[in-house]
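Just below sit the structures, each encoded as structure tokens.
In the two assemblies presented below, chain A is common to both, partnered first by chain B and then by chain C.
Up next is the complex of A and B:
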């Protein structure tokens, strides 16, 4: 019941976020400019007709365009792109690409961050703790773009040093490759390693810091001592009693970090030449593609809400105290 | 693993049925200082021996090393602690074992009950699972169903009603007392040979404390375990243990049977400690004996006896070397010490079971038969002028009539709706006259603090009225309120958090004066005067609160409250956070101030002994109501309400003979929720008297709420249909 109400809230929020994105894009982007450079120059009537067709004509009042757009949205249609193609079709092609990146990036980054952070707390002020702290702060202080490019540079260096193309850093897969299912999968993984890593590193840094602090708070608590007094070894008490409890606040933190990571996706996709949602939003802003921008915003909002929903469920599962209310 | 250096254990001790179950010998624990800070030597040579089924009490104030020594024995200290000495469990050396080997022993042969039941259980697992874990970790072959059965049986044994169902509940669904029962169940899970109880009742109310102590006795009977009882409460130890070990500054200073230590203490520290406890069973109003000064810092111990700076009978020889724990009469003579200064200082070897004392004058104390009163100078507390005027002729300074405070119980995130009411304070009346102290007592959750906050708010109460110095709350203008606050001041419970840590003491005490627009010159004079009044050195005015000890901070709080020369002082548990020896000093100060300044006190406390010592009248609260009120002597010697009787009976008296002879009224269950009080008499669900009544008589308790009725001459009243005077102390 609680979760159902949450879901209803999310739908409203996603709609609002998308609306704001649409209104912002519709008022600031100027699709008419796309036709200014065109040779032969189309007549104003022709442009108007074309823009009307796309529901992008700035001569139509914004309210009218918005109403039309909302009507489409209600049927699940995000309208047409500036090139006249269906935004929905384009989205269908790209969503999978982005989701793959986000999913693996998050899972790898969060898990490794939590484990390293927790272990760092157990070994506070030892070498492992100092090294992981140093690494995390280094990553946190470097912009995502720089990390992505640096990884590329390192990959090139490794490829050259070994003489084998271990890492691929352009596109999702080598086009025209004929190597059977396993060969294609291997090829895809080769391509995926770098961008996934670029995303995961940022996640790892944020999570390891946070988890370390949470773990330190919990390690000294009485119940960990009780667990040891029962006969658990120090290590077992830490991982069974302390880590489980220290995970609770991290789950809430997950939602916040997720938003930052989505922003990171746009750069990563652009840099590694992946045709995902992130690179699309940049392209659509350049081409004044209002409907596409709104569609991508909607996708991002859904992702954030999904992350938030997921963390709510995790929270309820981890912490029995919230289940009652 | 904890770094250790171990002495070779006694090999003959093994498999000897007569051997003690736990032998601790010359245990030392040091916490290395960080960043060139000096090392903290928390335990410096503790030895004791515990036989099968024996109960040993370890008594000491905070920082005396009593808990650390037991944690060290179980290998529960943080890894950086340095431990040395020897701990033998059933003849086997366990100090220095690696974590895996220690873990096999912990919870099976030796187990522990901790102080704070609210934080000692993992919040995310059910209590059943946590007990099952304790069972299975030592017996992996036991199936889950079997372990679960055992867990339920244990929960039944410790008196959790509906155990099979409650095993599936999480710790936050239990009250503090219930959680402590779960802790005890866990400690009993594998029939250990030794149970170490680290202040098991300190965080609990007295009635719950009585239940838990009863339960520990049951646990001991069931398992035949030896118990180490660590506590600061001399009363708890008196009736419960066989032998006592008194610790001071990381060392045992006196040990012996409980009767020896309580009736014939031979160490000035023990004598002072016993004299500093307010007694529930003594009616005469003698001032308490405070021990001057504070315990030494364990980082920089002075040479010689660590108690010497606070000891009223210290000699120059006391500073020569730290005295050993020796049999009375076995201490070296003063001449010997002069001849070879620094020769002593050994911790005194293993526990011999005799009465032993670490004081070079113990022989002298013994032959002269000195008592605490002979050694400690009795503070003189002037008699107030007004106490000679009969109560009725003194003006009323604070009057509370039918005061009600209900909190709405809300539910829902956006649309809040009221689902119930918490009857925090539900119609109470009392008055306080000039020069008088009213003690307001009751268990936590009975509404005593709410009453206090209602009075201090000066707002119009939901029902009833509060009259402060003739002015009714809620009818005042802003200006009048401001003026009234000058006469109505408060001292809070926790001296650590009641003072701004970033303000020097001078500013803290000067703030009320400044707020009320006193001149700079007057402020300077007044602050110095106030610090002097509460027994602090006026030259310390520039220091920050962190540089003062708990007792001194409470004195600063009192000085701040007195700054504006109030006529009514509200004291919210002012001494409950302080150690016994410090507490006595603050209580004496409060008495002295009342006599000198003619203050009226509203004293809120859960410690009935302190209230008996300090108050003139006492009001006992239960679930938002006053159930008994009257002058202290009458209420304490002849309590008429069953709840008052139970409360008084639950308090252990620091006198082993008396304590063993007393029959305790042990109340059942916890305080009911104030959101849903029982019908009729609110106390009937836990009342020992109600249970003894016939069905006919019970009906009245069920339907009719009793009003306060006089039980004897004077103004002693009790709210019970079947009130009957009965001495319980």
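Up next is the complex of A and C:
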């Protein structure tokens, strides 16, 4: 019952957030401007007819457009984009792109972060610990934009120094490449290395710090001492008892981060030219695509809600101490 | 929290007894200041930050070039005795525009952080103190603001605020940063309002609003200070990211974000247009983060970070 009420509250919040974004976009963005540069210049009637078709005509009262939009939303349809294509289809394609990007980025970043953080906690105040916390602190102070750009700059520099295009940094793959399955796969990997690395570095810093703190909490606790007192080796005590317990909050944190990242990698996607959900945020605004803006906001709101909901549930499931009521 | 409250209470007592007492119990602020300055990280961070502030405001005076001035004899020249950090594609002296950009980034960071924390404190304290309907409404608004994609909203609103200058931009950035702190403040207020001194004030007939501003919020000062510091660095990062995509500070104003956007396009061929502004940004954020983390360790008893 509690769950149902919470979910209902979520749905209302998501709907309101999307409505707010739609109204804001519909009043400030100007789809008509897209036709001003067109050659041959379409007549005003033609533009009006086209905008009517897309439900974007600013001559129709906002309330009427909104009512039409809500009617579509009720059936799960986000309407048409400015190019007349279905927003739903584009969303499906872009979610796939984003998933391909963040899956490797977050998994690589989180695993390496967890390993380094846990090891650093075991060797607290030794050289390794100091070096890794220092590195994490440094990375956390560098904005994601700067990480992505710097990697790109370094890649260009390496490419030019070696004279070979080792790294690709524009788009997800080379269009029109005819190189068979393995060639295409190689090409995709070439393109994916840099953005994945850019994401992984940031995640690495966050996770290593988080895991180190969790591990330090656990290492001082009674049950680890008991485990060692009953004759387990340090290694066994750390792996079987300490690390396992310390992983619980990290796993829930990972769930949360993953959900947020689904639509939150705007900078990395935009800088490396991946047409995922994140870069849609900017693309839809630049092309005055009101329906797409609303769709992106809805998707982001769902991601935030789902991320916090699932991480809560996962936490309660993994850690019996949290299950209070 | 109750400790500091007792300290304040005893301080006012000694004050009433004449104030000539040599063993004066230090007030809350001197205690806070003391713990702050004992942290090496805070000191280092403060020193670096002060250096940057000095560079940003005094540095431009040392250069022979003006902010608006263009040197039409040299475009995209590397650093030289004439142009200390080189010039950009329109012949502007990079030394001067980088420092002016640094000024803007520092001001925006500080302003946004102060506004954000103030809003969070007020919203959280009112929700936690009054509970019931006030709490429901305020927390609901908070949740809604959390769900709204802030970057998207800021970018959509951008055409509307383009001409109104960077102050509006500051307000908008602040409008999307207060939610999580507000939730924390609310939690603390709920426990603080059960303290004896709050009851005492209430039974003496002090109005709720006055209690919130005189007793509740001051007793959360350590949390709020730490939070404000952390907000400074996140505001600087947000400003940079938005400006990088052209949704932030507009020409003729410059900030580190707009400079990085300009420099990144030619970073390989003309590295000086990229390296200096990016370096300054990283140093600035690191200094603020050092202060923030040091403060958290010093002021927040719940903080478990055990860094060297």
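Here is the rule we go by: the second predicted complex is superposed on the first by the 247 of 325 C-alpha atoms of A that agree within 3 Å, B and C clash if a C-alpha of one lies under 4 Å from a C-alpha of the other, contacts with A are read in each partner's own complex, and residues count from 1 in each chain.
In this section, a residue touches a chain if its C-beta (ideal position, glycine included) is under 8 Å from a C-beta of that chain, and two chains touch if they have at least 3 such contacts.
A quick note: this is a predicted structure, and the numbers were derived from the prediction, not measured.
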| item | value |
| --- | --- |
| First, second, both or neither for A:319, with chain B first and chain C second | first |
| Chain B versus chain C as contact partner of A:227, first or second or both or neither | first |
| Which of chain B and chain C A:142 touches, first, second, both or neither | second |
| Touching partner for A:305 - first (chain B), second (chain C), both, neither | second |
| Which partner reaches more residues of chain A (counting touched residues only), chain B or chain C | C |
| First (chain B), second (chain C), both or neither touched by A:245 | first |
| First (chain B), second (chain C), both or neither touched by A:93 | neither |
| Chain A - residues contacting chain B, complex | 221-223, 225-236, 241, 244-245, 248, 318-321, 324 |
| Chain C contact footprint on chain A (complex, rising order) | 13-14, 16-17, 20-21, 24-25, 28-29, 124-125, 129-130, 133, 137-138, 140-146, 149-150, 152-153, 156-157, 160, 213, 216-217, 263, 266-267, 270, 281-282, 285, 293, 296-297, 300-301, 304-305 |
| Chain A-facing residues of chain C, complex | 143-144, 146-149, 151-153, 155-160, 233, 237, 240-241, 244-245, 260, 264, 267-268, 274, 278, 281-282, 285-286, 289, 293, 304-308 |
| Residue ranges of chain B in contact with chain A within the complex | 71, 74, 76, 99-100, 103-108, 111-112, 114-116, 119-126, 130, 133-134, 137-138, 170, 172-173, 183, 186-187, 189-190 |
